[in-house]
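What follows is a set of notes on a single structure, which appears directly below.
A, B, C, D and E are the chain letters, set down in written order, and residue numbers restart from 1 in every chain.
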Amino acid sequence: MPRYAKRVGRKVGLSPGTLIAGESKRTGPVGIAVIDYNEVLFNERIIARVEDVLPYRDSPTVSWINIDGIHDLALIDQIGTHFGLHPLVMEDIATAGQRPKIEDFGDYLFITLTMLEIAPSGQVEHDEISLLVGSNYVLSFQESTGDCFNPVRERLRSGKGKLRKSGSDYLAYALIDTVVDNYFVVLEKLGEHFETLQEQVVADPTPQTLHTINRLKSDMLFIRKAVWPLRDVIAGLQRGDSQLMTRPTEIYLRDVHDHVIQVIDTIETFRDMLSGMLDIYLSSVSNRLNSVMKVLTIIATIFIPLTFIAGVYGMNFRYMPELEWPFGYPIIMALMFAIGLGMLVWFRRKNWL
Amino acid sequence: MPRYAKRVGRKVGLSPGTLIAGESKRTGPVGIAVIDYNEVLFNERIIARVEDVLPYRDSPTVSWINIDGIHDLALIDQIGTHFGLHPLVMEDIATAGQRPKIEDFGDYLFITLTMLEIAPSGQVEHDEISLLVGSNYVLSFQESTGDCFNPVRERLRSGKGKLRKSGSDYLAYALIDTVVDNYFVVLEKLGEHFETLQEQVVADPTPQTLHTINRLKSDMLFIRKAVWPLRDVIAGLQRGDSQLMTRPTEIYLRDVHDHVIQVIDTIETFRDMLSGMLDIYLSSVSNRLNSVMKVLTIIATIFIPLTFIAGVYGMNFRYMPELEWPFGYPIIMALMFAIGLGMLVWFRRKNWL
Amino acid sequence: MPRYAKRVGRKVGLSPGTLIAGESKRTGPVGIAVIDYNEVLFNERIIARVEDVLPYRDSPTVSWINIDGIHDLALIDQIGTHFGLHPLVMEDIATAGQRPKIEDFGDYLFITLTMLEIAPSGQVEHDEISLLVGSNYVLSFQESTGDCFNPVRERLRSGKGKLRKSGSDYLAYALIDTVVDNYFVVLEKLGEHFETLQEQVVADPTPQTLHTINRLKSDMLFIRKAVWPLRDVIAGLQRGDSQLMTRPTEIYLRDVHDHVIQVIDTIETFRDMLSGMLDIYLSSVSNRLNSVMKVLTIIATIFIPLTFIAGVYGMNFRYMPELEWPFGYPIIMALMFAIGLGMLVWFRRKNWL
Amino acid sequence: MPRYAKRVGRKVGLSPGTLIAGESKRTGPVGIAVIDYNEVLFNERIIARVEDVLPYRDSPTVSWINIDGIHDLALIDQIGTHFGLHPLVMEDIATAGQRPKIEDFGDYLFITLTMLEIAPSGQVEHDEISLLVGSNYVLSFQESTGDCFNPVRERLRSGKGKLRKSGSDYLAYALIDTVVDNYFVVLEKLGEHFETLQEQVVADPTPQTLHTINRLKSDMLFIRKAVWPLRDVIAGLQRGDSQLMTRPTEIYLRDVHDHVIQVIDTIETFRDMLSGMLDIYLSSVSNRLNSVMKVLTIIATIFIPLTFIAGVYGMNFRYMPELEWPFGYPIIMALMFAIGLGMLVWFRRKNWL
Amino acid sequence: MPRYAKRVGRKVGLSPGTLIAGESKRTGPVGIAVIDYNEVLFNERIIARVEDVLPYRDSPTVSWINIDGIHDLALIDQIGTHFGLHPLVMEDIATAGQRPKIEDFGDYLFITLTMLEIAPSGQVEHDEISLLVGSNYVLSFQESTGDCFNPVRERLRSGKGKLRKSGSDYLAYALIDTVVDNYFVVLEKLGEHFETLQEQVVADPTPQTLHTINRLKSDMLFIRKAVWPLRDVIAGLQRGDSQLMTRPTEIYLRDVHDHVIQVIDTIETFRDMLSGMLDIYLSSVSNRLNSVMKVLTIIATIFIPLTFIAGVYGMNFRYMPELEWPFGYPIIMALMFAIGLGMLVWFRRKNWL
């Protein structure tokens, strides 16, 4: 199964909202980190027991509850029930491989995003983020540990900027913005391959080059699949349908929307460049081989008439006057040399060399 | 006739609503299974005579009447007339190869779906399902026996989940959801071919590989044809135009809608990957052949000048001083060896070997 | 001029509505057949003089006036003037090669359709039908004699079904439905070529195969040109803008609309399959040729080193010790045999044979 | 600069409405022809001085003022100022290479069209027409002399048809209709190449054929660029936004709209056919070359083993028993003949000949 | 990193509106030029200290403040704060590589444009322009010194035309118009390559040709990326949503809109032509090589049978009657000549020469 088709094969016909463990092999405890703040207060803690999460639902301060791992279905169920989530939302949180989407349930928004990352192997990896935005809390669920949200945490800790002064909608914006900014980083890293590829493809095309072009092409497909639906998601947020999004935040969302469009533009440009490279690769490979064939054929062709002449004077006829001439041999050798040279000149004049 | 073009050739110019036997060669009795339930009652039976179906139309409980076979036109006509179906609906039920669609007739909804299955031979097969959703019944017609609805039956029997507590609209949703979930299973099975194909296409491309790529491509065309219109069908259901769909069910339909879009996404990704594979296949095949040609041509080219030299010293001129030299033969042999070696070195330096 | 571009070259700058004879070389009298009916009455006659057509305009019964031939411009003019047709409508009727369209003139609808047929030669031929639908009449103009409307005539004669009980709008529907059903027949006949083609393309690709693929491709282009605009025509009819279409007929039109979409789907599938076949054809042809070249080159390559060895021992050096050996000849022959065999083994190991 | 990119390079940053001489090298006087008419009056004259044009603005009759040449900027300026044209309109009139467009300035409509023509050289040439439609006048500006409007002039002179009875809007319609009808003529002339091309491409593909295909392709691009925007122009006119277009004329415009769509359809069909031809051309060329290579290689391959055998018996070993046999020579010759024949038979059986 | 993907990699997760220095390596003072005018007054000065800019915000005259350099973040911050700009706008100004866009902030409009230029090296270079249009000022920020606005400055100095008589909206229009007109210049310069390319591609295709085609293709991609979004930007301006745009200016904007569409049309035509050229290039290259191979193979093929015959008469059989014939040698030579000639004739008749 290629990674592009993840999520196929969930249990068919189960009651919707049934939580089933995903493909993830992760086990062990799930990390729950809570940051609770308003303009003056700031409180950050790691929580071990689920029960301790629940009071944050009704606290007047803004609470960001980040849950690191979606394999503990009991925990998702407990939190979901407490925060009044729809069973389908809980199922979506527990299932990896969701398409980015937004759903408005009135008193909370459910947003799914894909976080991208380049693994040390150069492979593009993804991690799904589910955000639940209520009037005074943001719940974020991640598939695996390690995320790109540290700058947001720092901004919360430092208390600088608008973040501590704003509500949960602005926090949600900040998280989405960070995910989108991270796409630029991933594209930049992939883009670094392009210049070397572009030289390789002309100067020294190997099957490895073709392989790299194809890998980048499928990376682009993969990223595109993650980013395209996000455009509509953010457009939906920004259009102001939801009560939870305040007007000032909408201006910021317009900015994220622009960034997403820029990401899509860049992906499309990369895809166009990769097609162009494939064309040049194929043309280069066939050019190189053809030039090999051409030189070899030219060598063969020059010697074939000469070999024929040598064959003629190797015939055993009794009466062959040339064979008796004292200068027969040097004359014929000179003739052969002249023919060979003549053909070379002709080839060069026809521009075949 | 390829299976992609089924349904062509119905009798031209007949009065609409005329029931004509489809291509199906099935004969024999048609199985009618009724499940009648509400939150407390549950009754499941197999019915032999059509007349016994009719009372379920007006029973206050929800009745799911599943008819296994569409070749008995008299039966369809009888049921259709009793349930007040439009003649065109009856014609559509009896004709295999319908495009997925939804039609709202006020007091009932007519929905056509395609159920997919991978036959043991690896062939993708389809079975058309017609659903008729009334206020307290669901009629389902299937082309052949054997379906993917057993998990739904189990959920009805067990009485767990929302199914027994909800109306006919939720039952219709559950059936559609099961069909759509099954698409993931089919795609997953097809996707298993991809990894091996991707290796084959680079390492050992045979005409068989091309054949497999093309078969998968036409499978994708086929599935796409079944799934694309379904998107609009479910969007139509979910938009809430019909009185028969209750608001809570619409949220569940939104979920199915998401799944259908994911199926379409996966199909498109598979199609893109197959095109990429075709490119690599063609490039691989031509590379392999070209490398054969190249080595062979190199061998030929090395020996052609050598054969020429041998020819020269095979000439019968009376006066050829080299022939008389005591070391003429080893000198010439050494010369030939040097030329052959020189060419090999030159080829290698030019990177042709 | 290919048939795809018919209708080009009408007289430029003429007053609109000027009737000019089309490309058709037909002359001679035009057949006018009238079927006049209501639920109880039925009257069918062939009319010779145009004047006899005119009373049917105002008769309370439904009249279907079928005119077989559009080359008699005086007749079109006379009928058009009597039925109050717009000059542009008369021009359109008289000009072959119209695009399917619908125009609503308030008291009558003008509909253009293309009837397709497979000629005995296998060529797809078309015949344009113009329908004029008034409140109690349908005028139908055909380019040539012979149509697919006989089943409709039979239904009218027999009086069974809804046809005799309904108005002129239902008659128009019945005619359109018959034309659309006929597309399935044409596609089915074309589809029969596909299976043999698909085998041929792999097993025995000849230039004839390419020709057939291209002919089918242009047939598909041609049919698509006739069917695509029809979708909008029927959608327009069905949308209920016109007073002339009654509500029950609109449900039937929805059915025709579905059929047109199925025809379009089938055309697109056929087009996709034809592109796929073209790919396989090109790949097959090049594979076959390459395998020829490969075997031939292998034979040549094996003998070239052997010929060189023979050439060496054909040299006339005075001192060549091997020549004097008693077993020189068999040793060299054995050596040659060994080299030849060695190369064969090497080729086979490299998988080139 | 290819003609496709005309109009690039106007002076950057000039005040809008600044009239600058176009690329046209035409100088000399500009022809002004006025036709002034109503149902009873008809007056046609050639005007030398601009001042004489001006009274027609306010005359109650309909005046068609045709200006043949756009290089006399003073004249355009004078007329424009008198008729109250916006400076941008005057700039657009004076600049060749406009895209077809319509602009509604309330008391006049500004319409730009492209007139196409096939030059004797077979090149498609274009001439831009600017129409200004006021309530009782039509101003038409042409780049060069010679147009396709003579039939309209004839209709005006004869007084037959609706033209003399209608207003300036119908005159504008008649001019547009003539331009569009002329597209059919151009396409018909281009289409004449198609049948010969289609034969050539299969039977005798030369580089010239490729060149013709490419020229036709770029002709199609060129025509498409002229026709596509016209569709929206006429849709705009017909939609009835402007006070200047009367309702009856709108029905005629609908007819032109249909014609434009037919032109676009034909262009698209031609483009599809040209792509198909390119495929066949490439396939034909490679087939022809491959069949040459194949026959040549077969000849070479048959003689290579034979030459080897001859080489063997040309060796100078002292002890070669066959050489002494009395029938050695005919036996070997017969053997060679048998081998050659055997290979021919094998080739034929493998279907390589 | 190719230039197409600029702007990727901004600092992830920073507070929005944080000004960070772009990639630009420019340092040093930033040039600020102010032109302050109304119909009668005109004042042009270079400003060194930021404080001197501020009074222009509230002056009743129209002020065009052009800032040449975006690397001095303190300056942008100071101006932005004084003019009441949104932090995100300041961030966008300071970040190079924005997508063209328009944002309406009520009391000012923020417009981003890309200015294109062909560097002496032939490379297409871009410079981002940010325009801020208030009711009586226009702020313009440029990435680097040197722009195409000098004609606008001249028009302001001369006082001719509408410019001095109109408000800031017309000045903004004039600047945008100048940028768009400049695209025509860039396209014209690129277009000059096309004619030579089109000849080269047929007559003398070199890998350099392929390289040029690809460079032009990516230039087109690049320009398209700059121009496409501009269409919507200007459509947005022209639609009249903003209070800042007066009705007369909207007519002028319609004109710019037309020009942008013409630029897009030209780009698309160029792209189509480049694809066509790529096809011809590939076909030409393979044609040329094939013709080389063909002639060479023909030469080889003629000599192979002749060499075989020479080999036959070089055999050392004791009994070969021909060898003893007095005219054996000339007969065989004549035979060889006849065979060679016969093959040449046959080749020519088969049209292979």
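Here is the rule we go by: a residue touches a chain if its C-beta (ideal position, glycine included) is under 8 Å from a C-beta of that chain, and two chains touch if they have at least 3 such contacts.
These figures come from a predicted structure and were not determined experimentally.
Enquirer: Taking all residue numbers used at the chain B/chain C interface, answer same if over half belong to both copies and different if under half do.
Expert: different
Enquirer: Angle of the rotation mapping chain A onto its copy chain D, from a C-alpha fit, rounded to a multiple of 5 degrees, please.
Expert: Superposing the C-alpha atoms of chain A on chain D needs a rotation of 145 degrees.
Enquirer: Taking each chain's centre as the mean position of its Cα atoms, how many Å separate chain B from chain D?
Expert: That pair's centroid distance is 43 Å.
Enquirer: Could you state the distance in Å from the CA-based centre of chain C to that of chain D?
Expert: 26
Enquirer: What residues in chain A touch two or more of the other chains?
Expert: Residues 286, 293, 297, 300, 304, 307, 311, 314-316, 320 of chain A each touch two or more of the other chains.
Enquirer: In graph terms, nodes being chains and edges touches, is this line, ring, star, complete or other?
Expert: Graph shape, chains as nodes and touching pairs as edges: a ring.
Enquirer: Mind pulling up the chain B residues that touch chain C in the complex?
Expert: Against chain C, chain B makes touches at 1-2, 4-5, 7-16, 86, 88, 92, 99, 101, 103, 207, 210-211, 214, 217-218, 221, 225, 278, 282, 285-286, 289, 292-293, 296-297, 299-300, 303-304, 306-307, 310-311, 313-316, 320, 322-329, 332-333, 336.
Enquirer: Mind pulling up the chain D residues that touch chain C in the complex?
Expert: 148-152, 154-155, 160-163, 174, 177-178, 181-182, 184-185, 187-188, 191-192, 194-195, 198, 202, 251-252, 254-255, 258, 261-262, 265-266, 269-270, 272-273, 276, 279-280, 283, 286-287, 290, 293-294, 297-298, 300-301, 304-305, 307-308, 311-312, 314-320, 350, 352
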